[in-house]
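Letters A, B, C, D and E mark the chains as written, and numbering starts fresh at 1 in each.
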């Protein structure tokens, strides 16, 4: 079975969806069926064909460049693909209820299908260009989804911001891809990795044979180390943008303006997590480059901790989840950044897997609760889930996972991440120590805000709000995801992810850290909002994301616009000046000429003849001799 | 300095003087008369150079016909007997014209003088030879010349006859 | 020791035909003065002109291999005073046809005037000169023919007798007098420098070798170019052009713009062909290039400002004269050919434009507004002519001759001229499109034409049709034009 | 034979419509023009299938041959031109601009098409120039007569600017071609590309390349020779803008491939860094201007400047990949620009002006079809994968990063970085337009909804948007056509 | 024997005088005087060539004859035009600018 099928099914579904977008029922059926089919295909592939396949599928004759556009289906990728398909299906099914009354539901469903296709493309791609394709399409879909309710100015602004911030970071991604491809002469992942790998062995042989360093470099065709570092850093910048890490983190909380299912999709399994997949693919190169690892490590360490703290202090629960996504994606990436070459990036992928499950669960449950409460502000939502058993269960499992309690899916993956970071710290050639410290602190903070979230949502409330009629699809989805979140940790037993053994020590440590976090949240008792108790003064700042939005505007948007105005002025007044100047000069010359000829005197004519002849004669005599 | 040179110099001085006065005088009639003198000087020079026929024709055609015509024209255009104040020019124009003349003469002299590297034997071309060439070799231009004269005559007559056309835009 | 040249009347026929016309007209006018307002004179003149053109075309076809030569001296001298290769013959045919076109325009206005026989006589005489100068290889014939082509035109301009016409004629007269003096002086210097009364490469080469005579030759060429520059309307010898064009009657102007330019170019080609291949270097190119550049720039810049079609065409003539001179700066055979092709194209297009203006009776560009709708023949022909002059397709022939004109200096490496040409192309397009843009529009109300309905005779229609056809054929098959000019 | 017919059919129909058939009423003229365009499109396909060519002496004195044939490089452009020809003649059912006779308008469209087809098939350098000039007058008429009615002065200015600026370019080009032809002694483009041009000395090559590049850069347009484009686009009628962007600009880039790149590779190589920087700066420049431009039509015009910057950058790289990228981006921009101009023209017709500062009901709410087309166009404009522009622009960046061996790597990498920044700017301005025009409040109930695209306009939009998607998904449609021809192009490394 | 310096100088001076005369005169008739002087300079040059021996087909004598004749013809036409102008405008001043009445 070609992995292309995984991409093609949702892509086709989106195409059909666009055609039938005016018929909600058709659109929903197409979307859900395609989602189911995709999940089925992914599952079959995962179970039956855990082998790598790659090869030329399209023949793009572009001169010297080799564009294999190949795909790869190793077990880790297929596992990720499966969870992506699962989350997508959940989102599609859930939206048939959630957006059932929306006049643009058809468009939404089609966009989600396209989004899924793009993410799956990134997952199965073994080709940097192909990755870029999926990467960019996801960005565009996120724009459409966040801006789905485009009648609201906030939604429009959030969509614009999300796309522009990620696109600015993508300058780095594109350049990184182009640079790597250019260096390798091929866009195939294996080719790129092979070409840019440190040829240490060859070098050492050459040096041992007595060749001076420059010659050895020449003989081994060594890639330029500095160039590689630069390119990796560029790629990392791109990933940081899409994954909403510092300093690009601010678009993500704003993206909560989109419909909740869209948030679930974007945050859980797709766009923000895609960077992990990409960097996992390039891990052999990344592991060799301390600089790039440091850049990534510092960024994600800061991000995860900062985001966890901000999540704790949010007065809006949906935004809390958003910040938690920033934090958790940081956790995924931290595994990639810190893991030593021997460990491999799969701990990060595992966390992607688990995060996809519990984060989609949380978002979808929160969305339901928000419908019941009529808003997402913490004050409004207080106790909004208390009346619905499925919500309570879902939120419990979800927050437990988020907090990283052992045995549920989130706990399993977090332990592996911690273990990888510890290995990195031990190996000592990367940002391992920093990451480890950040991880531990983040775990505590995460546990704290998870506790806060659960407390607030399930707190006792007298009016017991309900969300009107709920079609069976929504509880079914929630139950399914709840189950998956509980049992998802078993994936480590399939061996799809290449993981190191985790000692019991980590389990204990995790419990300890989580306990500290929970205890911290419960300082004020069960009835009070922990944020009010602990971080009262931080809340207004946290709600504004520490004012980074203003920073973006001051540092990037305004200068660029000012520059644009200057350029526009220069364009019409200066560059065009030579055109207008020419016209003006011609006209002036014409005016001058007509003035000279105005009198039309005969003596002028004859004077010109005589003078001209004399001049011409002089020129001739001088010129010819 | 041979006798020919002397004779030539004399004619040349006459021609130059006549020409100078013809150019600078402010009496229009005098200008025409000084031109006669200048042309006589030129004719003399040509005679010295051995072109008798040309000299003769010059005197006959120019002095005999052209200058008379010019004089008639001056009369018909009511030229004043004294200085022609109506067409007086300012000093700048005069200086400019003088400079232009000097420059022309200088330019011409500067290219011609290097050619004059000594005395040469004056080539003898008889009038018979000239006539033979004129009616032999040069018969075609000669015939064209007759047509030119004819056309000039017809044209001058028609123009001088006045605007007898019924051009509606003619100013009466 | 007289040497009588051989005479081949058939070869001379292009020049003799207008002479025959002159004789017929004068005899006719003498026998029946003023008969029918002299209108009979014009068809007769047109017939002899067309006959002459046929003879010229025949000569051009025969001369493809070997120039038609006559007036040759016996063996020892072994030189011919009349030597017309295909290029000269083509130019002769052009002169004759252009004169015929001018006559046709005179004919249209003939109802208004009585001295048509005189007009026709003068035109024919000037045509004879233009034809003769193209084939002249000796100083005497060249000089006389050139004046024969000039003197009657001065009279023609003055013939109208109106105040504006005499003002123009006075300007033309004094310029032509000064130019004649320059030509004579130039001829004298040529003889001094080369010792030969002919325009031949051998003579020029002899003078070029000797540094002292080379300077004289330079001055001679400069003065001869200056003298011709007056006829070609080259800057700075151009000042009469905008004075005369709008003031003379349209037929005369058309003659000045067409036949006169053709004959002047023919005369110039005689001079330059003696220099081509002999002299080289930037100096000689400068003597031709300076007036060419000035004409191109000043002509277009001033044409941009004109409102009167005749005045616009006058300045356009100045600019186009620069284009004719441009390829000659290369001093090469290609340059000569390009100049000939250019001037033929220019003359045809300009005559068509004049015919259209004559039909439209327009005294300002604004009055030609809507001409395409009002008079599709005149409007369409004018549009094509303007495009040809601008060098834009569908007037492909205009573009082709411009390409030819630029290619010669490019090949010879005369880069300043090429730069000027690039500027001139752009400015030139601006000039002609400015006129073209008004042609299709609807006519404005209350914009009554001065002078009532213009004559709508068959004569100008013939000029339009023939001229347009020539331009169209040459646009499709420019090869024909280039074959004609060798 | 077929290739002669290909040129003769639109030429004959166009000439007849502008001359004898000027008075033909629209109900006859429209089908006639559309039928001619259709016939031309069929003939274009036939030419490509049969490989028809014509080659006979036309002006032997200049070594100029009447030589037309299509190869892989011209094939996509030929089809693009024929297709756009169909689109613009069909668009006459949507909009017949006032200002002159409808038949004349349609005739001018066909004449422009003729000129473009001739340019893309000419096999002789001088003939190429003649064909290059053919489009000038009809396009001038389109802009000057049938352009925006509101401001006659702006119309005259835009038309004059277009024609004079382009003429200045083509005169320079002419000088370059003539220098090339007299230096090598042949005007046959194939011979020139096969080494006749490359055999010239370095100084001569540089001179030829400089002249050719300067001349063509006006048409492309390359910064800073672009200032004719925005007024022309703003003023021209919709079909004129479409032709201008989709066909005329392509003549410049096609010329760059055919003339300097193929014939004088060394000279072109020495100019390439300058060209690359100009291209990259153009990308950023166009993007920045688009960020603050108020007139939507002008904005699209400036986005053309930016897109052509990518093409120029790719060409300058001098590698096979670069040329492939340029040709692909070229065709892609043709489609995208056509789509956007048809759209913006339609909006202008509905709204009277396309000033972005005026608040209007969101297109997404009032006219979903137009809205969808607009989103596709904008997404393509920002280089979204899956749409036409992506591949060309990505490959352009790649080829700039890995230029031919004799190019200064540093300059090119810097240019690539600049162009990548420009690509982000493209996103900014595309979304700015989307935010202002496409998304917005639901209109008040009494505001009255704007008419959505129906009939011919709808199908034109669907066709163009479909083509944009198809080319984005299957870029090999163009790439495989051009691959062999590009590989055979002289002077590539 | 004759030294050629004399004729050459005479020609140069005559031409110079003629040019000055052409440039300085406002009277249309008197312009002719200047022109005649330039012409006579040309004549001297032509004849000098003959005297110096370089004289094919007696050009040194024949060309002056042509020139004189052509000049005479020109003068005839010139005077006719000048008279016509005088009649139409009442003035033969070459410096007179084109007035409104002179406009075509």
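Here is the rule we use: contacts are C-beta pairs under 8 Å (C-beta built on N, C-alpha and C of every residue); 3 or more make two chains touch, one makes a residue touch a chain.
In UniProt terms, the chains line up like this: A = NADH-quinone oxidoreductase subunit L; B = NADH-quinone oxidoreductase subunit J; D = NADH-quinone oxidoreductase subunit M; E = NADH-quinone oxidoreductase subunit K.
From a predicted model like this one, the values you see are computed outputs, not experimental measurements.
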| item | value |
| --- | --- |
| Target chain E, source chain D, minimum contact steps | 2 |
| Shortest contact path, chain A to chain D, counted in steps | 1 |
| Neighbouring chains common to chain B and chain E, by label | A, C |
| Maximum centroid distance from chain E, chain identifier (CA atoms) | A |
| Chain occupying the middle, per Cα centroid | D |
| Label of the chain whose CA centroid is most distant from the centroid of chain D | B |
| Highest-count interface - the chain pair sharing the most C-beta contacts | B-E |
| Separation of chain A from chain C, taking each centre as the mean of its C-alpha atoms, in whole Å | 76 |
| Inter-centroid spacing, chain E versus chain A (mean Cα positions, whole Å) | 93 |
| Chain centre separation (chain B, chain D; CA means) in Å | 68 |
| Mean-CA-position distance for chain C and chain B (Å) | 29 |
| Sequence positions of chain E contacting 2 or more other chains | 11, 15, 18-19, 22-23, 26, 28, 31-32, 41, 43-45, 48, 55, 57, 60, 62, 66, 70-71, 73-74, 77, 80-82, 84, 87-88, 92, 94-96, 98, 101-102 |
| Multi-partner residues of chain D (at least 2 other chains) | none |
| Multi-chain contact sites of chain B, meaning residues that touch two or more partners | 100, 103-104, 107-108, 110-112, 115, 129, 132-133, 137-138, 141, 145, 148, 152, 155-156, 159, 162-163, 171 |
| Every chain pair in contact, whichever chains are involved | A-B, A-C, A-D, A-E, B-C, B-E, C-D, C-E |
| Sites on chain B touched by chain E in the complex | 1-2, 4-5, 8-9, 12, 15-16, 19-20, 22-23, 28, 31-32, 35, 38-39, 42, 45-46, 48-51, 53-54, 57-58, 61-62, 65-66, 69-70, 72-74, 76-77, 79, 84, 86-89, 93-94, 96-98, 100-106, 108-109, 112-113, 115-116, 118-123, 125, 129-130, 132-134, 137-138, 141-142, 145, 148-149, 152-153, 155-157, 159-160, 162-163, 171 |
| Interface residues, chain E side, partner chain C - complex | 11, 15, 18, 22, 28, 31-32, 35, 38-39, 41-46, 48-49, 54-57, 59-60, 62-63, 66-67, 70-71, 73-74, 77-78, 80-82, 84-85, 87-89, 92, 94, 96, 98, 101-104 |
| Chain E-facing residues of chain A, complex | 598-603, 606-607, 610-611, 614 |
| Complex contacts: residues of chain E adjacent to chain A | 19, 22-23, 26, 28, 31, 94-98, 102 |
| Partner chain A, residues of chain C touching it in the complex | 167, 170-171, 173-175, 177-179, 182, 211, 214-215, 217-219, 221-223, 225-227, 229-230, 235-240, 242-243, 279, 281-284, 286-287, 290-291, 297-298, 301-302, 304-305, 427, 430 |
